[in-house]
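Look for subunit A in each of the two complexes below; its partner is subunit B in the first and subunit C in the second.
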Partner chain A sequence: MAKEMTYIGKRTPGLDERDKVLGNVIYADDFTLPDMLYARVFRATKPSALIKKLNVEKARNLPGVACVLTADDVPNNESISNVVGQTTEVGLLEAKHQVLVKNRVRYYGEAVALVAADTIDAANRALELIEVEYEEIPGVFDPIAAMKPDAPKLHGNNNIIAQWKLRKGNIEKAFAESDVVVENTYRTPRQEHAHLEPESGVAWVDDMGVINIRSATQVIEHYRDVAAVLGIPQSMVRIEGTIMGGAFGGKEDVTVEVFLGLLAWKTRKPVKLTFSREEMGFGRQKRHPYILKYKTGATKDGKLTAMEAEIISDAGAYVYLSPWVLLYSTVHSTGPYFIPNVKVDSFSVLTNNIMTSAFRGFGAMQVAFAYESQMDELAEKLNMDPFELRKKNFLKKGSETANYQKITSDVLLKESVEKALGALGEKSTSSGSKKIGRGFACSWQSYGRMTYLHDTSSAWVGLELDGSAVVRSGIPDLGGGQRESLRAIAAQILGLKIEEVHVISTDSQVTPLAGTVTATRALFMSGNAVKLASENVLNIITRTASKMLKVSAEDLYLRDKLVYTSGGESIPLVKVIKECAAEGSMPQSLATYKAPFTDPIKTDVIKDPVFADFTFGAQAAEVEVDTETGIVTILKYASAQDIGQAINVNRAEGQIEGGAAQGIGFGLMEDYLEEKGVPLTWNLATYLIPTSKDLPDIQSIILESKSGKGPFGAKGVGEPSITAAAPALVSAIYDAVGVRIKHIPATPERIYWSLHNSDT
Partner chain B sequence: MDGKEYYNIKLIVNGKEVKGSVAAETSLLDFLRSKNYIEVKKGCDKGDCGACTVLIDGKATVSCLTSAIQAQGRKIQTLKSLGSWDKLDPLQEAFVKHEALQCGFCTPGMLMTAKALLDENPHPTRDDIKEAISGNLCRCTGYKKIVDAIEAVSKGEN
Partner chain C sequence: MNNFKFFKPQSFKELLDIKDELLSAGYPLAGGSNLLVYIKENMVKSGTLIDISSIEELKGINKVDGSIEIGAAETITNILESSLINRELPFFSLSLKDFGNPLIRNKATIGGNLADASPVADTAPPLLVLGAFVSVVSRSGTRKIPVAELFTGPRKNKLEENEVIQKIIIPIPLEGKGAFLKLGQRKGTSISVTSVAVWIESSSDKFRNIKIALGGVAPTPVRALNTEKAFSGKNIDRNSIKTFAETLRKDIRPISDVRGSAEYRTEVSINLLKRAVYECLEMEE
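Now for the complex of A and B:
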């Protein structure tokens, strides 16, 4: 490795950014092939109904229409997948899905038929010609009602599709011995990803009979799902990922891939499918709305004694990743605090609402709103500074969590709070109806997948004859610069310039599979894999060079395409590569990084480690609340995260700022509303996300403990950056006007009515 | 074929004449994308996101709400009219330097809005910049670095 840090921890712009500002990037929908068909999805307009009649003949006969597919045309329309890690005692164990509605519609927007035609106009007209008759059947739209035994069932005989527990100590005794106890119920909204780029892709069958799908996906491994639906070998489906126009978990479950695979397979023509913005609203997963009942106790000197919680998530009509999201919630439910006595029961419940699944924060975010609000309430009851209270209870390196997991990295929470609060500077002053308040919140968020999934990531690194390097890694790039980080890591280890390293990524048949760009795992897993492979290449080079230079290999390092001895002697890298080739030891390596592995969870009580490590951080806000309108203006905002080691400072800051922005949206304005399963906010005129005028200049503060499990001691930052925003804002609002909003988003209406109506 | 009437049109895009045949309701956005101006992005098709922003006679306009027919005889500029690989426009340069983008999907529209702003008001305040780009949604960045980049160009700091 180069002796000094050349690219790690710097602000070097990514090479692809030039193409981004020039408009040269070919995103999924920008790609076309000759003679390509255009597809559309026909979607149900009832949340709970049986299909009595479905007539697609007129649509099929429309000139220009190549095919119309219904459930009958799908080789394996129904799929059942086991949800790894859930127990046998909990209701339904299996995630059931249908590609297209066979008989029963379970949510408004469910896909019923697929159309492919010569032009998008013809495809749209074909949709209008599809005739469907529904018989509405009773649905259930409230998760608490759905838990009752007599509720209409979505699948099987139990709407509770996942249940997890934490059990530690004796909460009855601990509450009895507590000096203060606070009890509250919190609610969080159904948040829409609202990535700017719609789900999209193009598929074709190549001259080897392989279905190629070029799509915007966080998970190229979905080629396996396409193969399963078609009943063909997995080797006959290839997914080539594109640079995504944002995703945030919204392109984690299958989006267009299965539909495209079916259409290309049936028509043997290239097909493009891009969802409309409306379809992104009512046809795609959201963040789970939660109901969180919390009871927390402490001694009078501020030591947490016990916590009890009941957590209910609305899973919508299909299982998707709900059991895992709920597992995250359960493990993270205590917050980053040591609590000796804990009892948590969490449930994920099917309803006829829109499906919910992965979204940045993945279940660890909803609970942060609850555990941090509880800390503020306890502090107030104890007449203690909220930071003092937290300091007495923060987890430390070596502490044991409520799932009996030891914290193995540094916990810089105190430093994070100090930095975030410090960054707010002088406090503004209230005037008239405009009241100023400040708040902060802490968070913890795992990075990397659950350890019982035995996650791995592979990468290949090789040197060309001229000394430049090629990296192959399956990891997709969702806009965060995942590819660029791998480039920097390889350049650092091999002593090359960044432009001398090329990264080929996200192609299921060309790049070694690296797993998903989800769970804040891309840098952690693929970064380690590329680092391993680069180090292996380096070893091959130094071994051969040591023979050439007659010095020990440990004494050698690479810089600027020269192999140096510690004494400053050098030979050109290309000479060494030539010698390697002559010896038959090629300077290339396929390496697999394995995350820490643990055994599968055996019961629904989580009592073993589930995550490799956590990122800790804090966010702080100063707000102005207008008591006459309830309108909140954020005046100052800061987020401090210990990310272990910044690989690229610009991009790390970008994650911290962008995560805070989405968290602010979640806390103050975003809520995907439905009325008895019928969506009300399915476009960007009704579903509002923060604009430049809604946000202050978010200050990002990077702490580097170098204690993480990623390359160079890095921790993950993608998800941790969103987690603490909502509780920080709610805390600031309370500080300003003395009302605590327990049902977010904290909209002007909610604040106004909390101020003006003592009943709410 | 579908009973619709089609009109032959001629537009001036980035200084070049572009011909085509469109229906009355064809948007400028769809027309441009069909002619491979893929740098003009479709984020919503309803005027809510700003990803499709182009300049029409120097004014930032959402091309999804503009009909292709209406745009005849007017000067249309897409992102490709700004800089080239060898010579980026100062705004493009600043967006790279300040990391004013992540996924880059909002970037083409954002840059055109920024261009129109600085052409009209070379020395905007940060609030002016925020006001100007408030119709351009970005879901990745939180906008701070975008405002930083535009401000840097306005101050000649690039």
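Now for the complex of A and C:
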């Protein structure tokens, strides 16, 4: 490795940034092939119905239409997968999925048929010619109602599809001995990912008979899903990922890939499918809305004694990742606090609402709103400063969580709060009906997948004869610069300039599989894999060079394509590479990084470590609340996160800012509304996300404990940066006007009625 | 889009001829910021789009006989940047500063906003309190319609099938001061939940000739005549302003939708009216 940090912790621009600004990146929808067909999805317009008749003949006969596919045309239309860790009470979960509706529609927007035609206009007209007759059947739209035994069932005979528990100590006794107890019910919204780039891809069958799918996806491993649906070997499907224009978990489940695979397979022609903005609304998953009942106790000197919670998530009509999201919620439900007595019961429930699945924060975010609001309420009751109360209870390195997991890294929560609050500076003053308030919130969020999944990530690094390097890693790039961080790590270790490293990523048949760009694992896992492989290459070089220079290998380092001894002597790297080749020890390495492994979860009571590590942080806000309209203006905002080690400071700040912005949307305005399963806010005119005018100047504060499990001591930042935003805002609103919003988003209307005490 | 024809008339006469021929199947296309959305959402399925963006007779911002005349195809940006309007009637350009966003303001026209006849058209409340007219033209002639009579229902207006709006005529008030407050669910690119325009002519100690209009609280933008009466002739004192503003309940008929409940719209309209009056009178809140 180079002696000093050349790229790690710096602000070096990534090589792709210029191309993004200039519009040179070939995003999924920018790609076309000769003779390409255009596909559209025909979607159900009932939330709960049986299909009595489906007639696609007219659509099939329309000139220009290449094919119309229904469930009957899909080789393996239905699939069942078992979800790990579900046990006794609920029964082993059999998550059922269908590619296209066979008989029963379970949510508004469910895919019924696929069309491919010469032009997008012909495809659209074909959609209009598809005739479907529904028989509506009773649906269930409220998760609490869906838990009742007599509720209409979505699949099988139980709408509860997952249940997790935490059990620690004795809560009854602890509550009885507590000096104060607060009890509240909180609700969180159904958030839409609203990424700029829609789901999109192009598929074709190549001259070897392989189905190639070039798509915007967080998971190139979905080639396996395509193969399973078509009933062909996995080696006959290749997914080549593109740089994404955002995803936030929205491109984690299969989106266009299976549809594209089917259409290309049937037509033997290239096919493009891009979801419309409206389809992004009603055709795909959202963040789970939660109902959270919390009861928290403390002693009069501010020590937490006990916590009891019931957590219910609305899974929508299909299972997707709901059990795992719920597992995250359960483990994170205590907040980053040591609580000796804990009892948590959480449930994920099927309804005829739109399905819900992965979304930045992955279940750790909804509970943060609840546990932090509880801390504020306790502080109020104890007449104690909310920061003082938290300081008395923060987890520390070595503390044990409610799932009996030891914290192995530094916990810089106190420092994070101090920095975030400090960054707000002098408090503004209220005037007239406009009241100023301040609040902050803390959060913890795991990075890396659940350890019982035995996660691994592979990467290949090699040197060319001219000393430049090639990195191959399957990890997709969300647009956050995941690829660029790998480039920086290889350049750092091999003493190269960043432009001398080329990264080939996200191709399931060319790059070593690196796993998904989800779960805040990309840098942690792939960064470590590339670091390992680069170090292996470095060792090959220094071993050979040590023979050439007659010094010990430890004495050597690389810089500017020269191999140096500590004495300052050097030989050109290219000479060493030549020598390596002559010796037959090629300067290349395929390395696999393994995350910490734990045993599978055996019961629904979680009493073993589940995550590799956590990122801790705090966010703080100063708001102005207009008491006559309920409008909130964020005046100042700061987010401080201990990310262990910033690989690139600009990009880390980008994550922290983006997380805050999306978290502010979740806290103040975003909610995908449905009325009895029928979407009401399926476009961006009605589903509101913050604009540049709604967002404050977000101050991003990076703390570097260097104690993480990622490369160079890095922790993850992608998801942790969103988690504390909503409770910080709600706390600031409370400080301003004395009402606590327990049902977010804290819209102007909700705030107005809380202030004016109406029962509407 | 295959069901549409596109036509770009080269002269005002050609525009009037084609409109006369196509009637309601001919859609004047100004900025397209409403029309293209309707096409995309399948609310408008076929017809001829008549591009009016280069017709000189629909352009220009001029002072004519004590009025400001704004060509229907002038964009919101041009109005905001017009030195004539900023000098003679700054209230009107100030009213439009929160219209859509910069991209929309560069495309959206004042004629399109009025012809679209949305209950939340942001040019409407200010034009209502100013007593503005639209001048509409067809092959058979020209007529003036007060903005107060232009709207007949949500997205319905009084234009005949062969008519287009040529210009908007705003009499410049001799005295007084106006205020326009728009409340949305967010700050940028926001559609009004409710909006209130007020013009007060008085400079004495009594309310004289107060005009009030609102958007978003009835099937069309509306004047609040009962409320105007409640203020009229009364002494100006800050405490009674809130009481008079309560009269709004008689003037508005809001509905509940995803943007807000009827009750919320009512309550905040009253508060905004009070604030707008304070602003006109330069009273501290």
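Structural remarks
We adopt the following convention: the second predicted complex is superposed on the first by the 753 of 760 C-alpha atoms of A that agree within 3 Å, B and C clash if a C-alpha of one lies under 4 Å from a C-alpha of the other, contacts with A are read in each partner's own complex, and residues count from 1 in each chain.
Criterion: a residue touches a chain if its C-beta (ideal position, glycine included) is under 8 Å from a C-beta of that chain, and two chains touch if they have at least 3 such contacts.
As the structure is a computational prediction, the values presented were derived from the model and not from experiment.
More subunit A residues lie in contact with B than with the other chain of the pair subunit B and subunit C.
In the superposition on chain A, A:D455 makes contact with neither subunit B nor subunit C. Of the two partner chains, both subunit B and subunit C are touched by A:T691.
When the two structures are aligned on the shared chain, A:E500 is found in touch with neither subunit B nor subunit C. Touch criterion met: A:L478 reaches subunit B, while subunit C stays clear of it. With both structures placed on the common chain, the touch criterion links A:E377 to neither subunit B nor subunit C. By the document's definition of touching, of the two partners only subunit B reaches A:E197; subunit C does not.
Of the two partner chains, neither subunit B nor subunit C is touched by A:D735. By the touch criterion stated above, A:R651 is placed in contact with subunit B alone, subunit C being left untouched. Look at A:D613: by the touch rule set out above, it reaches neither subunit B nor subunit C.
Subunit A residues 121, 685, 690-693 lie at the interface with subunit B in one structure and with subunit C in the other. Residue ranges on subunit B touching subunit A, taken from their complex, read 1-2, 38-39, 41-46, 48-49, 51, 78-80, 83-85, 88, 92, 95-99, 101-108, 111, 126, 129-131, 133-147.
Partner subunit C is touched in their complex by these residues of subunit A: 121, 431-433, 628-631, 633, 669, 673, 680-681, 685-686, 688, 690-694, 747-749, 752-753, 756, 758, 760. Within the complex, the subunit A residues that touch subunit B are 11, 13, 16-18, 20-27, 29-30, 63-64, 121-122, 125, 193-198, 243-246, 248, 276-277, 478-481, 650-651, 653-654, 657-658, 660-662, 683-685, 689-693, 695, 697-698.
Of all residues in subunit C, only 1-2, 37, 101, 183, 185-189, 191, 258-261, 263-264, 267-268, 271-272, 275, 284-285 touch subunit A in the complex they form.
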